[in-house]
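Below, chain A partners chain B and then partners chain C, in two separate complexes.
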Partner chain A sequence: MAMKENLRTLLGAGWLGWQMEANWTDPFLFLVYSVAKPVSGALILVFMYIVILGGVAAQSTAFAYIFLGNAFFIYVGQVLFGVTWVIHEDREHFQTLKLIYISPISFYYYIIGRAGSKILIATIAVVVTLLFGVFALGIPVDAFTMDWGLLILCLTVGMACLVSIGIALAGITFLTAKHSGGINEGIAGLFYVFCGVVFPITQLPAWGQSLGYAIPVTYWLEAMRKALLPAQQLQGTGLQGIENIWLVALLAVSALFFYFLSILIFRLGDYLARRAGKIDMTTAY
Partner chain B sequence: MNYAVETKDLTRIFRVKKRRRRRSGSKGAEQDVTALKDVNLRIEEGELFGLLGPNGAGKTTLIKILCTLLLPTSGKAYVAGNDVEKDPYPIRRIINMVSGGETSGYGLLTTRENLWMFSQFYGIPSKEAKKRIDEMLEAFGIWDKRNAKVRTLSTGERQKANVIRGFMTDPSIIFLDEPTLGLDVNASRIIRKFISDWVRETSGRTVLLTTHYMMEADELCDRLAIIDEGGIVACDTPRNLKRTVSKASSLMFEVDYLRDPDKLKGIEGIQNFTYKHNGQMNRTLLTFIVQDESAVADIVSRIVDQGAKIHSLEKREPTLEDVFVSLVGKGLA
Partner chain C sequence: MKEYLLLNLRALKGRAYPRVVGGTRELSWIFFDTVLPLLTVAAYVFVYKYLGTFEGPQQEYIAQFIGYVILGGAMTAYWMNVLWSMAAQFYWEKEIGNLQLYMIAPMSRMAVLGGMALGGMFYTSVRAISTIVIGVLIFGVTFSLGPPIYLVLVFILTLIALYGMGMLFASLYMIYGREAWHMSSLLTEPIYLVSGFYFPVRYLGSIVALSASIIPITLGLDALRQLMFTETAGIHGFLPVEVELVALAVLSVLFLFLARHSLRFMENLGRKTGRLTMRWQ
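Showing the complex of A and B:
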């Protein structure tokens, strides 16, 4: 019974998200906002690093490392930003947050549903970026040598993990009046630096490395790279020695930890917001 | 048996931060607003219960607490026996809420899509939901707007769609915060009729409604609570409430424009007194609730003392408005 209800919530919210994101009445706008923007964002960063590093050869392992890191990081930005935006928009613009809040659904499932549609759309952007990388920049990803099993498994766990971080951010967003762009951007920035997106975490000071090892995104990005380019791995990432099975285990364990942490944060945020009367607060007077 | 709604010494205080940036060192002084103070209320299953009160009396705050949107500061509130603070989940299965004058909804979905989505959050099978939605769109006279985007609906149409959203989920208890606010006469009538039919159609359905319209409260509600400054000042059937002032009578004078009507305040035997100026006609309308009709002589002489002529005098049976005025000390609207 509960399963069926949650599934219904998930589908309802996913459907809603899809209707809102993919503004099908204007496919051009959709392409610009949901695809072109994240793709160009990722590419700009890639080219910046090429310039800073003074000409990393396009076929080099280091370049592939940077490129894949940025390509998959699109998910992080889109999901984290997306979830806090959902709360903000539902509360302020549509004034539906309170109605959804007092309905019998599990709010987690609502967020998962809404995040699901963000993931779907982010996937389009990631795929476009990857295709650009392969065909225009010569990243040697090969569909035949790729580790599809690892890709699908880790992508799934990675997304579950991002969504649970998103749930925690939703709890925090409950408490903030204005759109809290700061929080999600701060978290995304933190992940960008400490999770080996553009440089291996071994480049960080010891405390930074410890932090990196504690965040599941680190293992997830490594797993993505291993899945796409199994034969071409950068040395000295601090993770390259780990067997795939252990990488998956580490990802799963840290994701589980983050899952419980975010439930805790969400509950606390929910309680404090209900106490302060912020669930239905609108500031746009 | 549980009450549909029960509150025990329910109190809600809002902590409002005053603006900072004072010159002195005193940083952001806090000021408390007591929206509800020791409210004790019992609403039985099957009742159509009304809350009547002036602006800022605490009506919406009470509804928010009962809907599990807001926590009490102290005291208890139970909906169908469940503590709003500790057990919000069972409450959410059996309630719904509609508040008037708000424009909630996803603008880029159609009316039907919006309603359908909410029905999914209440676990109504999709086919059943669509059928119910269509029936209600028809009943509320917005069938022709079924495929219109919500953002293109008029205020009243949105309001109707919101009322449909509330009733569509077949709640046991529905909270209606000024459901007819801003609607035209016809639309209000449709909604009022729907509410009173709905609650009587199946036993065990309960409505808690707030309103500013005396007529609405009088016509619809089985029982009424009059709330002022966060406290319940009276709670009974509209009939009994009117009976409490029936010993008193209500006198309406239409007189020449009075410069200083407050001078009429101190007269003995007057339970309450309000006035309205009509600048256009250059007249003043005075309403007295008097315990003892011997006060009439005093009133008349005081009016004449001010040099005004009395154009009409009317004695009325007490209305709910009179009850309200005698309890709260001011009229609504």
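Showing the complex of A and C:
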């Protein structure tokens, strides 16, 4: 019975999230909006690469490494930002958080449902960015040679892990003011530096590499690259020797760990926010 | 006349005050706004360091490119502030019910925007200066500075033009609903790209760079880079600093003029269509 209720909450929250994200404009403008940001982000790196090395054909394996890491990182930014922003948006902007609290649903599943719409939008952006990379920049991804099994498996487990981290951050957001965007920006920035997104983690100092090895996003991005370009792997990344099975196992274990951690932090944040009277807090400096 | 001027100065101070004080009341802001955004800048620094391990036409200038990234990263703070705390602010004020209070108060709306700009400049400067200082300390960036008077002039004119643009956007966003939020969100990465926040804008080509010069930070950033890294100014600079200085002065006047008229027009439009108090659209 509870399962059915939670599923209904998930679907309802997902639909609500999609409406909030998309119904402010017509579908064409929404598509342009969804695509312009990630493609521009990728183009910044492309131009940095072109300026220094003279073209994307130079060191093409390194270019593919950078481009694919950046493309899949869209998920990290969108999901982390999306999940924590739900608290801020519902609490301060629409001021509906207290109403959702007193409704007979699981708030935890409500947030997961809202994250679903973010994942959908991020998927559109990732696909468009990848298509741009393949057709405009010559990234050699081939649908017939890529490892579909690894892609689907790691994408699913990786999303579960990201949503869990996002929910843990949402728990912290209960206690913070208007600037929950800063938490997202900071954590996403942390992952951007230490997880080998746009450069191999071997470029980092030893302590930075150790930190990178402790974050599941590092393995997730490596798995995504291996799935899309199984025959073209950059050397000297610090991860090239890890077998696919171990990548999947590491991801699964870390997803499980973050799932339980997210429940813990979320409940603690919720408890402390109620005690401090912050559930309907508004801040407007 | 004198009374009206004093009234507007009080309004300006009154609107700047919560931004200055608010920034210090939320101690976690200091951490989030200074240390954490540095991480993205650090990532781009490592990208340049990594690319510097390969042979290429700019390999010998990697140290300068790292400096460009740190400067660009510092200036992103101002752009974000203009987008979210100037342009989209009237939308926020409408959502929380403050906008109607501004409308019935006797001061000029430009004074309110001016106060927002001054307060925003203060707390954004904390973030920007921190980015530069920490970036310089961690990554060992060395500057070769040009004439200090030019540096000060470029910086001040860039901020005036930029916040003037923010005031213009604020007037345009005033009657927007959620479009305002999404529009600000849309104007981040694409602007980082065309304004050359992380690489010199001249590499986008003259047409794109000239078109992007309507955004004051494009010319401001290019001029600041030329003045802070004089040895590569001739190689990576887009236009001569003097030309950029004049262009920034023109943009400052233009945006403030347009903001004043646009504010009046949009306010009247909002009154006619009843959208000034409409919330949660």
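Here are a few things to note about the model shown:
In this text, the second predicted complex is superposed on the first by the 267 of 285 C-alpha atoms of A that agree within 3 Å, B and C clash if a C-alpha of one lies under 4 Å from a C-alpha of the other, contacts with A are read in each partner's own complex, and residues count from 1 in each chain.
Note that in this section contacts are C-beta pairs under 8 Å (C-beta built on N, C-alpha and C of every residue); 3 or more make two chains touch, one makes a residue touch a chain.
For clarity, every value in this text was computed on a predicted model and none was experimentally measured.
With both structures placed on the common chain, the touch criterion links A:I105 to chain B but leaves chain C unconnected. Of the two partner chains placed by superposition, A:L130 touches none, neither chain B nor chain C. By the touch criterion defined above, A:I119 reaches neither chain B nor chain C. Of the two partner chains, chain C is the only one that A:S40 touches; chain B does not reach it.
Applying the stated contact rule after C-alpha superposition, one finds that A:W15 touches chain B and leaves chain C untouched. Of the two partner chains, both chain B and chain C are touched by A:F94. By the touch criterion stated above, A:E5 is placed in contact with chain B alone, chain C being left untouched. Applying the stated contact rule after C-alpha superposition, one finds that A:L190 touches chain C and leaves chain B untouched.
Of the two partner chains, chain B is the only one touched by A:R275; chain C is not. Looking at the superposition, the partner that touches the larger set of chain A residues, chain B or chain C, turns out to be C. Residues 20, 25, 94 of chain A touch chain B in one complex and chain C in the other. Partner chain C is touched in their complex by these residues of chain A: 20, 24-25, 33, 36-38, 40-41, 43-45, 47-54, 58-59, 62, 66, 92-94, 176-177, 179, 182-183, 185-190, 192-193, 197-200, 203-204, 282-285. Considering their complex, residues 18-19, 22-23, 26, 28-29, 32-33, 35-40, 42-44, 46-52, 54, 56-59, 62, 65, 92-93, 95-96, 98, 177-179, 182, 185-186, 188-190, 192-193, 197-200, 203-204, 280 of chain C touch chain A. Residues 4-5, 8-9, 11-12, 15-16, 19-20, 23, 25, 94-96, 98-105, 110, 274-275, 277, 279-280 of chain A touch chain B in their complex.
Of all residues in chain B, those touching chain A in their complex are 14, 64, 67-71, 89, 92-93, 95-97, 102-109, 113, 117-118, 120-123, 165.
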